[in-house]
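Input: structures, listed below.
Look at the two complexes coming up: subunit A is in both, with subunit B in one and subunit C in the other.
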Partner chain A sequence: MSASLGTLLTVPFERPYLTRALIELLLLGGVAGIVGVFVLLRRLAFLADALTHTVFPGVVIGFLVSGQHGIFPGALVIGCLTATLFTGLAATRRVAEDATLAILLTGFFAVGVVLVSRRSSYTSDLTAFLFGRVLTVSDGDIVTTAVVTGAVVVLLAALRKELLLVAFDPQAAQAAGYRVIALDLALNLSIALVVVAAVRAVGTVLVIALIVVPAAAARLLSDRLLVVTVLAAVFGMASGWIGLLVSYQVSVDHGIRLATGATVVLVLVAGYLLALAATAARARSRRTAPDALAGSATRPALAGEATGPAAPSAPEAPARAAPRGPVR
Partner chain B sequence: MTLWDTLGDGYTRRALTEAVLVGLLCGAVGVHVVLRRLSFLTVALTHATFPGVVLAELLGAPLVLGSAVFGLAVVAVVALVAGARGGSGGALPTAEPGGRGGRDVSSVTGVVLSGGFALGVALMSAQEGFSKDLAAFLVGSILTVGVPDLLVTAVTAAVVLGLLAALRKELLLGAFDPTALAAGGYPARRLDLVVLVALELTVVTTVPAVGTIMAIALVVGPAATARLWCARTGPMTALAMALGAFAGVVGLAVSAQWDVAAGGAIVLVVSAFFTGSLLLAPWLRGSARPALAAGQRG
Partner chain C sequence: MSPSSATGADALVLADATVAYGRVAALERVSGRVPAGRTVALIGPNGAGKSTLIKAILGLVPVVSGAITVLGQAPAKARREVGYVPQADTLDADFPVSVAQVVLMGRYRRIGWVRRPGAEDRAVAAAALDTVGLAHRAKERFGTLSGGQRQRVLLARAIAASPRLLLLDEPFNGVDAVSQDALLAALAKLTAGGTAVVISTHDLALAHLACDDVCLLNRHQFAFGPPAATLTPELLRATYGGAAVELGAHGVLVARP
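Let's look at the complex of A and B:
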């Protein structure tokens, strides 16, 4: 039984193009899951979504300037520009963050659309941008993704304490002398990096799901930051694997074409629903238990490092419970 | 102006009418979106109604009907899982202080958005030649709107504008001080749902005609621009509606003049208004800026 399951999970990947797709999806699933935890804590899901759209003109301009090789640098420049603009505008507090993002999203995307609409093969470019071409990733793409993954993971690991403090108590971070805007910028830039690395391979539809869904599901299952991070990374990678496999098997065995990216997203969402059901079941069983009142009303905060020596006001932090989002 | 020369053509007149109607409707709804921080939910609505469009096309039903059903489903899911306020901001007063990890509005909206869109894509990828439809869905094709589209938009505009006007006091109170609204004995949850449903109606009638990106731009852009100039919601609503309609007309003119995608041109005009206002408003209005605060509280 386990042997046949093992072959089912691995045999298709003897084909080189599927192996490359699998490696790419595993790398992206892992790094997106990790970044996603911070996205969740800071409630930046909208930023991730906006970035997936704003890099579009970068892709177009890069392609116009130097073909396939121009796509990554083009998207990178525009992605970083978006992250910087957003950080700056959010710091001025003159416009609500969500409105800023919506305007950046539509404005940048429209530039891309206008540029592309001057060319004839307009719709096929747009389609590739939306769904990516994970089955045609090259070794070079994988190397780029690996480099981005390494850089982002190192950056987030190094700034872990500071980023968490800002997430849970920005005033305390400010008071402790941290440069909150610089930390915000670092986080927003790493989100942009992941989005840029992923967009070309898996398309915009998948990126937002890879970042948001694993972290949200993991957070449902645990209150400890380290556990959440590991779970999110594992969940992201597993969904990539399963989704790729399902879309391959369905198209080979049953002749139904299923876009790979979309299948991975559907696997992710199914996982989230399972986690939601598990939490609901747990909450119900706890409610029937006698000493349940406190448990369901104030679920323990994801305390993380907030009680460390870096946080002077740490004692209140857990009491304020769940992440309060970017109160800047 | 090229637009002027083609004014005799039916399609130009229909496109202009649609742009003005959509601009007025989105501008008015956008005020509530900006005050309540519902931009992300707007994006989610535009994307997650996609499977509805695909299914309706497969079944031969009207596209608006398909997306309306899915839009209602999105509103229901977000309201159920994360609470009816549906705001994407971090510090909404009614947001539950604890126990919502992984279920906060932002994450749930993200999950619904990507899940819905992926479902649509998966449905679509099973057919032949889907890329063209998809591009139309994203950027719209305002130049090909027909008389039935116009009628649907007009009816929706009348219904939604009437609703917003009739409930404007309660809705504004809800945007600024939901606690006071509930304390005053109003059905706060139901009023929040009214806003969401008005937004949903706007999005589903706008998207098939003008595409997702333009719908988002027209809902959020004019209202956010007006917000920079106005400290009172009455003038803000009027200005947002005027800007929305004006941006539609200017965008169509630009599109006809330089032969670029109409949807893209309209969005760029909206962005230009916003950028200009962002740079100019502090100078022209001075520093004494009263706080119209719901969107800014934090």
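Let's look at the complex of A and C:
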């Protein structure tokens, strides 16, 4: 059993294009999972979503100017611009005006669509931009992704204390003399970099799942930040691997073409549902053993219950960074 | 009282300070001094400008006229030696962070960028948590504690930074008696060590009990001085406007917020 499973997991990757796709997805899954933890803590799913919209015209313009090689720089310029603008807007507390933002984002997106629609290969180009083409990534693409991954991981690791403080208690961070806007910018640019790096492989639509879902699932399984981060990275990488494998096997064995990016996202969602089921089962077993409530690993859903009447002011935690449906 | 009269022993000097958001003055002409090791209560109704004054002392809201001097410096320059304790219920109870991690945050400025907390930082944080009587809860998730316990953890976080001036925003709101006693004991220990403390509160009895001076505020300053001289029915009525002050049980003055 284990031998056959081992073969199943590794043999397809003897094909070079699959190996490249695997490396790309492992890098993206890992870094997106890690960035996703900060997105979750800061409730920035909206920003990640916004980036996928605004990056789209950058992708198209880059492609029109210099083909496949133009996609990354085009997306990079627009992604960093969006992240910077968003940080500035957030600092003036005007982000709450989400109607304005929605108009801006869909406007950006429409510019991309209009530009693509002028090409003769309209449908296939659009599909590639929206859903990515991980099976055609080149060695150069992998190097780019590796550089982005390395830069983002180093940046987040270096700033982890300060980013944690700002996420937990921005007022105290400001009171302690930290420049919160600079830390926000560093995080927002990291998110933009990951979105941009993932665009070629999984497309602008699916990248938000890669960022949001692993962290959300990991958060269900642990209360410890370090554990959540490691789990999110592992989950992101594993989903990339399994998704790629499933889409390949199904197309080889059954002749059904499955889009790789979409398959990866389906694996992510399935994993999230599993984590949710595990949490629900644990909650039920805990309810039958009430004295376990005193334990340290009290689940978030039970927080209000566990603190009891001594904390009348404890606010019911609002819905977390659930994957927001893109304004489309 | 001019700004130049500030001496080294004053942790905080307010010299006819007017604080404004943009062009709108939030708080006008506040004067007073808080020597090292003393405690001052900021008292006034909601919207009186108590939080604004605390933000101004942190250098987060500009002083448009007069001056605020913190530890002999401009507020923004003194931040590293000023501790700030926000209201615990403004924080996300679902945040995946342990009590020990929260207290350790008080050391971040001293640890500096990139570096990891060392053994000394952990020891100081553990001692601070012990000061508020919660050493046994160190490994639990912050959000699982009661409101009063969370408030104590935030005080421990401020203590871990060894501040010379400590600012607390409504620390006793919704806090049970046990936690209130623990907070007061920890504050007494701090002031004994020379830290000056500023507390914004609605609790007149507590101000009487735990504070050396009281600053009555409502958009401007109504009084600044010892509780016996400031917590009088006349001054409180003026501050709170009309009949909002009553004689409660045991003859204690009660302010309705």
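In this section, the second predicted complex is superposed on the first by the 283 of 328 C-alpha atoms of A that agree within 3 Å, B and C clash if a C-alpha of one lies under 4 Å from a C-alpha of the other, contacts with A are read in each partner's own complex, and residues count from 1 in each chain.
The working rule: contacts are C-beta pairs under 8 Å (C-beta built on N, C-alpha and C of every residue); 3 or more make two chains touch, one makes a residue touch a chain.
Predicted, not measured: the structure shown is a model, and the values here were computed from it.
By the touch criterion defined above, A:163 reaches neither subunit B nor subunit C. By the touch criterion stated above, A:134 is placed in contact with neither subunit B nor subunit C. Shared-chain residue A:244: touches no atom of subunit B or subunit C.
Of the two partner chains placed around the shared chain by superposition, subunit C is the only one that A:172 touches, whereas subunit B remains out of contact.
Of the two partner chains, neither subunit B nor subunit C is touched by A:27. In the superposition on chain A, A:83 makes contact with neither subunit B nor subunit C.
With both complexes superposed, B is the one of subunit B and subunit C in contact with more subunit A residues. Look at A:219: by the touch rule set out above, it reaches both subunit B and subunit C. Within subunit A, the residues touching subunit B in one complex and subunit C in the other are 219, 223, 296-298, 320.
For subunit A in complex with subunit B, the residues that touch the partner chain are 40, 43-46, 48-49, 53, 93-103, 105-107, 109-111, 113-114, 116-118, 122-124, 126-127, 130-131, 205-206, 208-209, 211-213, 215-220, 223, 256-259, 261-263, 265-266, 268-269, 272, 275-276, 279, 296-299, 301-302, 320-328. Listing the residues of subunit B that touch subunit A in their complex gives 34, 37-40, 42-43, 81, 88-91, 97-104, 106-111, 113-115, 117-119, 121-122, 125-126, 131-132, 134-135, 138-139, 213-214, 216-217, 219-221, 223-224, 227-228, 259-261, 263-265, 267-268, 270-271, 274, 278, 282, 295-296, 298. Subunit A contributes residues 41, 158-159, 161-162, 164-165, 167-169, 171-172, 174-177, 219, 222-225, 228, 296-298, 300, 303-304, 306-308, 310-315, 317, 320 to its touches with subunit C in the complex. Those residues of subunit C lying in contact with subunit A across their complex are 58, 60, 76, 79-80, 82, 84, 86, 89-98, 101-102, 105, 108-109, 111, 113-114, 117, 139-141, 143-150, 157, 161, 167, 173-174, 176.
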